[in-house]
Amino acid sequence: MNRRSKLYPDFPSAIHGIEDGATIGFGGFAMPGVPFNLMQALQHSPARNLTCVANTTGGAALPRMPDIGHLVERGMVRKVICAFTAATRASEQLPFTKYHESGEVEAELVPQGTLAERLRAAGAGIPAFYTPTAVGTELALGRETRIFDGREYLLEPALPLDYAFIRAHRADAAGNLRFRRSQRNFNPIMAMAARIVIAEIENDIEPAGSFDPDDIHLAGIFVHRLVVIPPAPAGLWPQLREPKS
Amino acid sequence: MNRRSKLYPDFPSAIHGIEDGATIGFGGFAMPGVPFNLMQALQHSPARNLTCVANTTGGAALPRMPDIGHLVERGMVRKVICAFTAATRASEQLPFTKYHESGEVEAELVPQGTLAERLRAAGAGIPAFYTPTAVGTELALGRETRIFDGREYLLEPALPLDYAFIRAHRADAAGNLRFRRSQRNFNPIMAMAARIVIAEIENDIEPAGSFDPDDIHLAGIFVHRLVVIPPAPAGLWPQLREPKS
Amino acid sequence: MSGLTRQQMADAIARRFQDDWIVNLGVGIPTMCSNTPITADIIYHSENGVIGYGPLTAPGEEDMHLVNAGGQHVTLKPEAAVVHHADSFAIIRSGRIDVTVMGAYEVAATGDFANWKVAGAKGGGIGGAMDLAACAKRVFIILEHTQRNGAPRLLSHCALPITARGVVKLVATNYGLFEPAGTAFNLVAIAPGITVEQIRAATGAPVHIPDNLSTIAV
Amino acid sequence: MSGLTRQQMADAIARRFQDDWIVNLGVGIPTMCSNTPITADIIYHSENGVIGYGPLTAPGEEDMHLVNAGGQHVTLKPEAAVVHHADSFAIIRSGRIDVTVMGAYEVAATGDFANWKVAGAKGGGIGGAMDLAACAKRVFIILEHTQRNGAPRLLSHCALPITARGVVKLVATNYGLFEPAGTAFNLVAIAPGITVEQIRAATGAPVHIPDNLSTIAV
């Protein structure tokens, strides 16, 4: 092997070199699979003018874990691209909302399936595709649509990422990853959409060849940097949500 | 469970009801994952005017196993959609070629990645997408192209199937499937593109819950009929190819 | 709130589920459909890629890697399989969800509904609702019949930005079960203790009453 | 056939591979690149979804579930992973293949090449060639310098239907290594025992000869 090791000793070194203006995607859905530790490290990096892509800007549920809202509060974010940019209940407010309403941060609201497919398209070399989602809604205003077989579809562009921050359960030294249960969610497609993929891993890195090649959820060719999550409290782990009132 | 069993006793019963004019996709690439037994059963069915989708029309290599060429020879096929509709060497000829050249059977030649993506699109509710493949070639003549970010792309439609015939290594009673090694190839995406999925399985059907939910290659909701492949010679199994001269 | 409880509204919807249906339950009251004892053998699908989940996990036994689309910890049935987000929405967009049950702010007689953006807000919370609404075979909605101030939520036309156009097949409120029928709602069944007059007064669209009006069993 | 053998042509290409490259080898002579002893640590990708395969399997030890894109039985390296066909071509179309090495009937100085359809044929055999040619970072071609009748395969313009336009970066023939340069080929290195005059006579486009012409090590 002439290959350089993908293993980084800690989160700050794993996220080194993120340029101002970069587009970063964050995996995860609810608690499982969110790269909490990488997101926390990013808060302390000098990167600015970021475009952040994730399911949600975060902060709606307790306990509050590292999320895009924290980056916004630190003035690091130019734009978010999410399926939730505001709370779904009129009685709630996301931390992000005041920055959005003041015009400080731009937001692109994207249906979750369209978000997933735009990421998948970027990772698959597809520049644009048509989807039935959002046709006839405010999100389609002024947008290009087209009829196929009598049904109207919306043209959607790929959403390529500079970086993907992801979290996985197990990794081998070649960067092959396995996710556990609903931890998988956006993580593989964020990775495939990105130029550089940084993964926090819940277990020690295993030797290449530890996984059956049939049982790899994300091939190592997509994964560039690995960092092992230490036990709590040094490392951040999913917590039980407080029930909604 | 009120659910009807997905298990069928033999290949003829598993392929019952294929209508004239149906579009059928066949998984497999080279020998691994080809549903030889279902294809053999189909040769003896009354279905006619079929549109057949697969990587190749078959018959280029020895030993010759059941392939689309056999269906063509029996007059069952109206059209094929394949990445190989003729041999790549001038010195070879596919069994399909004479039916194609005589105009008896129509052929749509599709680059392999475009074929895979058109199937994937059908299974993902995407009616059409853009791809860089085949731009500037004979296959793009008269076709719609479009520039994104300065690069030219070809519009490609989804390729939905009425039936997918596939082959897998293991199945549970819920129809969850596992493929082994390069047997996976087109099989999961053929299945997702189809209304009805018929799978020949290389091992006895295992109880639901036998597989870790993280290690299922095709979810049972996509799979409608299962049939277990008997040992040779009653069942057809991949053979070693004779080396090309 | 008179008429059906939240669980009874969910029950009235869940009893419509049929064998082999693939069902997606939205956050809130729709989630309660999984508490309804029904004989139909259905498969629950969650946007985050969990196919074949079962009841909520007992407290203390949560699997921290496993939640449904509402972030609740759930159990898995033996037939369960996990896929990634793009494959999960491939299932949705390709029309394989037999019914999606969602909450809403408003439903119109046209079959439109609104559930992602409140009046005057910048931004919204769409999640998977637009994909599900546009692509599921059936959209069932559960919502309180009126707002807290008594204003109707069942309308001739939605005032809020819609989630999808003309897709709602069935609506459960605390007053009854309704079908959007274009310019009016058809009352399918009425909640015990509720009168047709109460419904007409609380609905922002005409309501057709069938000759033999059945009462929802609770 | 004078000049390089088929294996030597493959060797001349394989020695250009660099550490960490993801390499896709086409059927025929390109496959022989995997026989070349090189120090670069590369990863082989096959269209049928095999990432990280190794040498051909020894006779009698074939895994009947495992072949490369040429249908040959191969071994797996420890880092191997298997994906389905759509994901395999996602890797290709998204530009992650560092080099694709293919055979061809013709290559043009313009960087066009033709390898899927013979003259006068109805139908063709494209396989993954058009996807790879359109999307790989580099397209390297290996082919005999001339047809059996002596007609050139390196041309100003392809006569056969092309596979992709303007993509070829490097060409290995039995006569040498060439770079398409628009209206001419640049001769990068010459095969031992071959003369510049032989090359010029057998090439259907102008050939630029560098001042210090190197000879391919065999």
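For clarity, chains are labelled A, B, C and D in written order, and residue numbers in each chain start from 1.
Here is the rule we go by: a contact is a pair of C-beta atoms (placed from the backbone, for glycine too) under 8 Å apart; a residue touches a chain by one contact, two chains touch by 3 or more.
The structure presented is a predicted model; accordingly, all values stated were derived computationally and were not measured.
K.L.:
Going by the stated contact rule, which chains contact chain A and chain D alike?
P.N.:
Where chain A and chain D share a partner, that partner set is B.
K.L.:
Go through B-C and A-C and name the pair with more C-beta contacts between its chains.
P.N.:
Per the contact counts, A-C leads.
K.L.:
How many Å are there between the centre of chain B and the centre of chain C, using C-alpha atoms for each centre?
P.N.:
Centre-to-centre distance between chain B and chain C: 37 Å.
K.L.:
Roughly how many whole angstrom separate the Cα centroids of chain A and chain C?
P.N.:
Chain centres of chain A and chain C, defined by C-alpha means, are spaced 28 Å apart.
K.L.:
Let me have the rounded angstrom distance from the C-alpha centre of chain C over to the C-alpha centre of chain D, please.
P.N.:
For chain C versus chain D, the centre distance works out to 56 Å.
K.L.:
How big is the gap, in whole Å, between where the Cα atoms of chain A centre and where those of chain B centre?
P.N.:
Each chain's C-alpha centroid was found; their separation is 34 Å.
K.L.:
Can you list the residues of chain A that touch 2 or more other chains?
P.N.:
If we look for residues of chain A contacting two or more partner chains, we find 117, 120, 124-126, 131-132, 180-181, 184, 213-214, 217.
K.L.:
Touching two or more other chains, which residues of chain C qualify?
P.N.:
Within chain C, residues 76, 82-83, 86, 89, 92-93, 135 contact more than one other chain.
K.L.:
Kindly provide every pair of chains that touch.
P.N.:
The complete list of chain pairs in contact reads A-B, A-C, A-D, B-C, B-D.
K.L.:
Which stretch or stretches of chain D touch chain A in the complex?
P.N.:
Those in contact with chain A are residues 19-20, 22, 39-41, 43, 45, 51-52, 76, 78-83, 86, 89-96, 135.
K.L.:
In the complex formed with chain D, which residues of chain B make contact?
P.N.:
The touching residues are 29-33, 55, 61, 83-88, 90, 96-97, 100-101, 107, 109-114, 116-117, 119-120, 131-139, 169, 180-189, 217, 237-238, 240-241.
K.L.:
Quick one: in the complex, what on chain C touches chain A?
P.N.:
Per the touch definition, chain C meets chain A at residues 27, 46-50, 62-69, 71, 76, 82-86, 88-89, 92-93, 115-118, 121-131, 134-135, 161-165.
K.L.:
In their shared complex, at which residues does chain A touch chain B?
P.N.:
Residues 117, 121, 124-132, 146, 148-149, 151, 153, 157, 178-181, 184, 213-215, 217 of chain A touch chain B in their complex.
K.L.:
Looking at the complex, which residues from chain A come into contact with chain D?
P.N.:
1-4, 120, 122-126, 172-174, 176, 192, 207-209, 213-214, 216, 219-221
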